[in-house]
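Which chain is which? They are A, B, C and D, in the order written, and residues in each are numbered from 1.
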């Protein structure tokens, strides 16, 4: 058994992530890091928001922010408190037009919070609403040749990394690299992070 | 500003994922695919289980299984039903020794379910309990040279991809590649997957 | 130690629930039961929605609907699928004006789904959007005398059942009574319900 | 249409809650209040734990604790941190023998945390593990006459408040009455609670 689709997807997803993460705009990365560190130094809350798999990637990021001592929350969880003036709302949405995250971004703005959007579409309604945008390309941005290759492989010409897969996997890696930069800047030891990690699980 | 830690982490995480996913044992990958397809053809439930970030990666996988028409559930969510004889319990744990996932695996066995473990430790208690094991290496498996390089970079000699990061990111990609193989084998179109995707979000 | 506030709250909450549940409009109760049974007989999905504690009460209801064999889901959970034409969206909101549940109700209408609102405010935006409304009174509806009594008790004149407490507790009981009626109409045994109850928890 | 089962359930559930809440042992109620206030004054974390509907009732309680300024968390949510020495683990389980809550209670003890159990069974494994127990009766404790009445009503002799319903609804009210006592003791205004309530929902 050869798992052609599996191996083709390995190639396609790894290339997609590498292209997305290496192609990030350094100014945008810099702004995110500054916004996070500023939220921390000013004692602001950071609310992480996203629908579906983007929301799950956001939760994985929020967990690491907690390990680093940030005052972070996830939309919709039990103990998420009031968000207000100068808090940071971190919204992840590939399309930038999912209704609920967009509604949240607008509510956040009206409450005086700062909105940071991670999206593939810098002209989307979410990006237009946000104070800061990080553009993380998804599948639509990738070369047509790759797309063609994978379509040839499958009789039914279907993509192997359907819907937001490339965006979501790229965000997972991008946000983990942000964590690395925060670790370095803050000088936090892995031991310190572990001491905050859930002990009952 | 140069974001050295960010860029070093990009390199370290991408290599870690590539190494992990390309180094998978083809027999193990084949068994997982067979187990999933068999569960589907026999109308069995698939319960996805994991603590912390591994659990979030599991949820991202479960969402795609739902898009493909699998009868899948996540431990601890509202409508998760009875699991029983011949159902498939899919447990993700890097260490293979997190207490709650291990407890769940043992309960699953006693209910007659089949346990599939994704772990970095093939001799862990979880792996010992499971019917099927897929070994996905985490940081501990990586070359010491890389580790040394990243430690040199940071004055405090701390890892840039702390705790389970490499395992979790590798699992995210591995499971998305499994989805690709299932798409190809089942001949499912992206259109069909989209038609199952949440419309309210 | 006398726990005056505790005992006063027992009285206030029990009276609040009894008043709310006994004062329900029988036609509204009838419509809900019909809507639920019709959704079931036609194989429609039932999506349960609510913010905060109302959302938790909704999840407790969804769990019982699952035990009864309804095809039910909760907004925001992992395997929640597409909602569409003729599906039933069950929204719980005391004020009837929480932004996200209201946004969801409007999305549901635009997708052709039927919206059922459980609210204290029959002229709220949510109620105006819904196809069916069940009015469950909250604290605002209660006699001023009770309110006065509890305020006298506490030096600071603060309510003992703050914010939506009476509404949420009343909904919990109301929805469990709906379940009782469904059990009776459908002739489902407790044994059958238990057989669907999560076995791993 | 007469909704006999609905009305019978109203009576049965309201009586069940009243009996449960009014029959609480005042010493046990006092111990819980002391334990919560002590956790607060000493800056300890409070971790709320429960399976299924008991877990949802626990989350509703945790939300109010957050509104009151307690440092509270819910097992399994994203930002739940390390629990350790002298923290308070608040476990809700009617049977007192659900595997995962019991496993959590044991882990909590081994970490030096204090375990508080809310259960119908004061001799259950959970109660045996706990430092403090509050006994909240469920259906099994209720008079056989009521049970007989409701069984007569339904041809199939099935209970109208199946499984843990009476326990869960009683806990919802009990915990809201605890909140009332905390409000009174701490002199917290509703305004102060609202200022902590989620603003984006």
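We adopt the following convention: contacts are C-beta pairs under 8 Å (C-beta built on N, C-alpha and C of every residue); 3 or more make two chains touch, one makes a residue touch a chain.
Predicted model, so just to flag it, every value in this text is computed and none were measured.
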Same or different for subunit B and subunit C, when you check if over half of the residue numbers at their contact belong to both copies? same
For subunit B and subunit C, what's the span in angstrom between their mean Cα positions? 36
Quick check: how many Å separate the C-alpha centres of subunit C and subunit D? 19
Listed in rising order, subunit A residues that touch 2 or more other chains are 59, 63, 76, 99-100, 104, 107, 197-198, 200-201
What is the shape of the graph in which nodes denote protein chains and edges denote touching chain pairs (line, ring, star, complete, other)? complete
Residues of subunit C defined as touching subunit A within the complex: 76, 99-100, 103-104, 107
Of subunit A, residues touching subunit B in the complex: 1, 3-10, 12-14, 17-18, 21-22, 26, 29-30, 33, 51-53, 56-57, 59-60, 63-64, 67, 98-100, 153-156, 158-163, 165, 168-169, 172-173, 176-181, 183-185, 187-190, 193-194, 197-198, 200-201
Per the contact definition, I'd like the list of subunit B residues that touch subunit C in the complex. 47, 59, 62-63, 66, 72-84, 89, 104, 107-108, 111, 195-201
